[in-house]
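Please find the structures below.
The same chain A turns up in both complexes below, where it pairs with chain B and then with chain C.
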Partner chain A sequence: MSHAAAYDAPDLSDRSIIGTGLSATARLALLVGFVCLAVAVAIGWRSEDPGHVAKVWLQNWLFGLAIALGGLFFVFIQHLTHAGWSVAVRRPAEALMSNLLWLWAGFIPFVVLHLQGRLSIVWPWFDMAAIRSADPAEAALVEAKAGYLNPQFFFIRAAAYFVVWAALAFFFWRNSVAQDSDGSVARSSRMERVAAPATLLFGLSITFASVDWIMGLSPAWFSTIFGVYFFAGCCAAGFSALALVCLRLQAAGYLKGVITAEHYQDIGKLIFAFGIVFWAYIAFSQYMLIWYANIPEENTWYLARQLGEWKWVSAALLLGHFCIPFLFLISRWTKRYKVGLTIGAIWMLAFAWLDLYYLVHPHIPHGLGKHENYAALAAAHADESAHFGDPLNWLMLAGVLGLISGFTLMRLREHPLVCRRDPRLDESLHFHNI
Partner chain B sequence: MTTLATPPPQVPLRTAETKRRLWGLIAEFDNPALILQAAERVRHAGYTLWDCHTPFPVHGLDAAMGIRRTILPVLVFMGGLTGATLALVLQVFTNGTALSFWALVWVTGYPFLVSGKPFWSIPAFIPVIFELTVLLSALTAAFGMFFLNGLPRLSHPLFGNRHFLRASDDRFFVSIDARDPNFLRSRTEGLLRSLGARRVEAVEE
Partner chain C sequence: MSAIPRQDMGFVEAVDNTAETPGRRAPLVLNMTRFGEVTHQVARVNEAARPPLAWTVAFLISLALVGFLGFCITYLFFAGVGVWNLNNPIMWAFDITNFVFWVGIGHAGTLISAILFLFRQKWRTGINRFAEAMTIFAVICAGMFPGIHVGRVWLAYWLFPIPNSMEMWPQFRSPLLWDVFAVSTYFTVSLIFWYIGLVPDLATLRDRAKGTIRQLAYGLFSLGWRGSNRHWHRYEVAYLLLAALSTPLVLSVHSVVSFDFAVSQLPGWHTTIFPPYFVAGAIFSGFAMVTTLAIPARQLFGLKDLITLRHLDNMNKIILVTGCMVGYAYGMEFFIAWYSGAPYEKFAFMNRALGQYAWAYWIMVSCNVITPQLFWFKKVRTSIPLMFILCLAVNIGMWFERFVIIVSSLANDFLPSAWDKYQPTWVEIGTMFGSFGLFGMLFLLFCRWLPMVAIAEIKATMPQANPHWEGYAAHGAASGGATAHGAAHSPEGGAKS
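Presenting the complex of A and B:
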């Protein structure tokens, strides 16, 4: 390719950056989302294992949340670092982030379960008496946490996370789209100023949210790095979703020459660095300390993940969330070549989902001490199933993905697909990796 | 150094006054736009032993010069792979073998029981594998870059040119090596002058 042909002039005309044509796709996605969720609810309603249904919803809802939180992180980190390169791809990230304005509604089923007094089917510590009768030693560990793990504080915290996330999403979205019409540079400065406390609020909220909703599923267990692990998962999901939204918009004929291979390479680098390498670094750090110390109140969490089918899920994560994408996306050209990045992003999105599946579903069996040795324990739980065949998984996944893409496109349809009057847009359009 | 007011028709490789070998020609330009254009033309004229010298990175210059991508990333990957393998072998040998083998002296591993873990415990090996991978990747990147750039070298004929000092300040230079198969002093000088250079000079070794 010659030098002259490599330069594809950015097209900032309405035809290229106004997404009114997205309406039909958005409506279709929302329809698919709501129908799938409705079918899932109808099936789940008659299920004999409501705890499992609730956990399937928890996992898929967390997947949607991870995508939106990844988008939020992308947006404020660009403001925080005064980044110029990313302006051309910031609007799609803002649209993903805006899902935080409705995702809180996904928590309502858990409120309802609590009002029915049944929330212990998801988070066992809601019923201390049951833990005490099943395993007094475990109960002692959980009771010591009652100052944190109690229903009132749990719901106050959840409300705080939703308020923080929605407020940040609202603030960054509002200022960004208002700048499209008034071109005010002061808005950029204001967003940069807010980005600093936003980082702090974001870090604290997702740390405690992951402790409450995921670590709390095994209340006796603890890991101090857990919030960071969830954050890495959010990056894998959010950045991959961002890459896919950009790629799909361009495939649909939008943003011609606005988003270039240079931007794709940088999004690819972020997926690689945060979603693949950083995730593996944190996952291994957590694993190694627990493996080395090998004390029962910590290692049972990993034990549950190497029984029966779960050992294949663990192995799949090691290979699919790290080894394979590491080798695939390490190269410059796979990140710049659209087909390469599409494959990498879909792959990482799938494994971000599997990562949450692996975090949410396995349960630590009671009475581990009654087995003679590990071999006997593994044999006793050899038929532990990961329930991949359960259609609820796929219906709820389709439901969440339908709603996320639908609401994301609804947002993009109402406003220009690029921050057209951001003072650094020109820098972004002419951005080149050295 | 001699200015080229009257180039001889036949190009001698040694200039008359000093009897020193001609290294090549340099052309000085005022701005990035001129050097981008100059680079395109020099490339199209078929030169291969030439370079551009600018005070800051000029976007598009690599493409204009037709520079292929560096093989450095491949070298770094190999370096990382070597580091990983080395770390694994080192630990497997030292932690896990009681075998002795002859390497001028008797060498033996040192199996040592830690926390009741097996001698060969991959999780315990990973931090060292990680560190050595990073170390050898980084060293390969730094020293590979030096090597591919022909460094270290103590000096370069270009530094003998007084005007060339401004390559690190506000001027843009194209240099063409006299060993280039297409190099013909009169023709090359004519080409450089036609590109809008403010000055074209010969550089001696």
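Presenting the complex of A and C:
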């Protein structure tokens, strides 16, 4: 091609795209992950509040899931839209997505709790008798959902989600790495075809997973937008993690000239559009409508999130998940400058974690209506703690992040760091934002 | 463009461009190799001595409907809103249904020109111009309804917060007022966006114009455009900025429209998914309307090589995606109504499906969720008659969606003793059809006098516009219209060349 002189030829030598040197880091990350989890289990075992321990695990495990689901969404949406720009960064996203192959194991503690008959410490509706004695009015509402919220169906659904996610992750990973060796264009076409029904399966599975695992924590409460909210959170976590993996790989000397400022800018745009603005749009829609109508069936969920320390968490999300990163990442410069994007991505990952913290931990106190007014309610619950001081939070977070990064690097170590024979790779290497 | 001799251009064959081999981008402009041909193809519609017969017939029909619209509105003004069958508890029906319907139609244009621009979807250039025009006209039709439904129309200016001696202010906490701001902002930005995009093409028409009136008219509106580098640079910057400003507007307008309903406590109206659900529905109906009008327009005005089957295929895919989103929202509403355990919620949705407006509900579900599933099949997506029928169905279904939401929830709310039923009068039906006439008239005038396709923009999607296009080096080497960059080869090969 006569025009090639105009481009800097990227370094596609084995040294740049074969990640065998990642083994040591991967092993270290896995070790840190397992050790932190082991310590967390040892501490949690003796805890006087096993419900809290289980919820800390639920929240951190959901964080890992959100990263992997965000990776899955990134991968199939590129195939669905026949995207060219993203080929150079698709392999790291595929590696993040592949975590779905083991993340189902994080659900085992809940199965064990159920076998012990204690799962109501996480999802109260597992023990209807307790709800009935605490609050008969709420019990009537929860009983009406028994067709959906019952143990058998709950576990069948969970199994279905894990099968769908693992199958999709397996399919896209296998075809993509197989293309590295056979260069078959038909594989791209096949992935494009599967991406369309994958969108439906993904949308439905994450919706009902979020209803089951997060909305079900407050079984009387309901919101039709909830699945979309969780989806926005997955985008924030997944796209930020993708940016960080790419940045780390380049910092370690890989993918020189393959991933450029153009790709970083585009990943930054996706974080900005979906993780920041779309998330805020959905969060605002849910909050504003519930606040405005102010009916007691719904407003309890938000009341619980503005009592005691939780009001600071809510305010932190507004500022940290929207206002500050909006202003920070709106600039073209911060998205293209590696330090800028690193700060933005770490920030967003932290707030995606805090978002899940805010979704999982607060509980709606019984008898909210007994208080004369809001001031009395707020005073009665002024000492509501968000438990940030609990080391379990940080141990389990380190555990999940260690396992996610270890596994991601293990995957990247086994195969080229770029989809080297994807038919659209050339387009991706040469594209420019105007 | 005349600097490039014809024999040096690769000739794009009349191929089915709906198929795309990964690595080779399908051509978006067919059977044309010279930029001048594109200009001629589009401009000749505006330069023809007289319009096609079908245009004249359609225009006369639209004009008749506009006349009837004028009559219905005049009658309404003289007799009062009593001539509409609105009464407690059904205070909104055809008027607001039409308003929401038309605002929804007005979503495709800005989505195509702003969001698809940000997503670098080059195929948008074939359809963005007249989709944007439809946006403007649809918002005009939409804006009419709140204006005439207020009863005392001579006080309609009270919708705006105008300082006055009585210290009368609108209710700033009401989403009805937010609507005034949202829709008027959307209209203004869409109009500016559309006009900015038109300027280079208006200059083209000016330069080609024969006759003083045409020269003056196009000259006046092309604002002295000379196509210098500086002009183009500023144009591109302005376009990108307007795209970024319009993108949140695409979401905000219909979200605010959905707030009109969702902030209330009425079962069937108050549900948190309303904002994104309304936006998806608006894009769905807007794209269906664009396709409905693109099919006859490309036929009638000979634009098949610019608005190709690939464009229509892509449109149909977006209709399928947004149709699935709408279906998801219907499903979530039903599921959560049951899941909530709230008897009023449950009743509202069972009543929709089985109550006095069940016929409207099932029209809505059939047209919006069931039939669009046929778009999963490429044969359907690329068949002109089938897509025309399906898109018409979507238009009908989306009108009924708003009717179902508004009327069924109002007719049967909490207390059975307060229930009622609603039947439109001829004035309401006449006003609705009249608004279609107004839309049609504006659209037909646009087709006749303004370039229907973005001439300057579409040229940039042709392989000949790429400075690295191999046709410049290898004389006449046919590449099937695609750039050779994407040819399937290993990256090593790419690095070597």
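Brief remarks on what is shown
Simple rule for what comes next: the second predicted complex is superposed on the first by the 425 of 434 C-alpha atoms of A that agree within 3 Å, B and C clash if a C-alpha of one lies under 4 Å from a C-alpha of the other, contacts with A are read in each partner's own complex, and residues count from 1 in each chain.
Quick note on the criterion: a residue touches a chain if its C-beta (ideal position, glycine included) is under 8 Å from a C-beta of that chain, and two chains touch if they have at least 3 such contacts.
For clarity, every value in this text was computed on a predicted model and none was experimentally measured.
Superposition of the two structures on chain A leads chain B and chain C into a clash. By the touch criterion stated above, A:Pro10 is placed in contact with chain C alone, chain B being left untouched.
Applying the stated contact rule after C-alpha superposition, one finds that A:Trp312 touches neither chain B nor chain C.
By the touch criterion defined above, A:Ile434 reaches both chain B and chain C.
In the superposition on chain A, contact of A:Arg332 is made with chain B only, not with chain C. Judged by the number of chain A residues each one touches, C leads among chain B and chain C. In the overlay built on the shared chain, the residue A:Phe153 is in contact with neither chain B nor chain C.
By the touch criterion defined above, A:Tyr292 lies against chain B and chain C together after alignment on the C-alpha atoms of chain A.
Chain C runs into chain B after superposition on chain A, and of the options 19-27, 37-45, 145-153 or 181-189 the stretch responsible is 145-153. In the superposition on chain A, chain A positions 3, 6, 288, 292, 430, 434 are in contact with chain B in one complex as well as with chain C in the other.
Of all residues in chain A, only 3, 6, 284, 287-288, 291-292, 294, 330-332, 430, 432, 434 touch chain B in the complex they form.
On chain C, the positions that touch chain A within their shared complex are 20-25, 118-120, 236, 240, 248, 251, 255, 259, 262-265, 270-276, 321, 324, 328-329, 332-333, 336, 339-342, 376, 467-468, 470, 473, 484-492, 494-497. Of all the residues in chain B, the ones that touch chain A in their complex are 40, 57, 59-60, 63-64, 69, 73, 77, 115, 117, 123-124, 126-127.
Chain contact summary for the complex, chain A toward chain C: residues 1-4, 6, 9-10, 12, 81-82, 84-85, 140-145, 148, 183, 185, 188-189, 192, 196, 199-200, 203-204, 207, 211, 220, 222-228, 269, 277, 281-282, 285-286, 288-290, 292-293, 295, 297, 418, 420-427, 429-430, 434.
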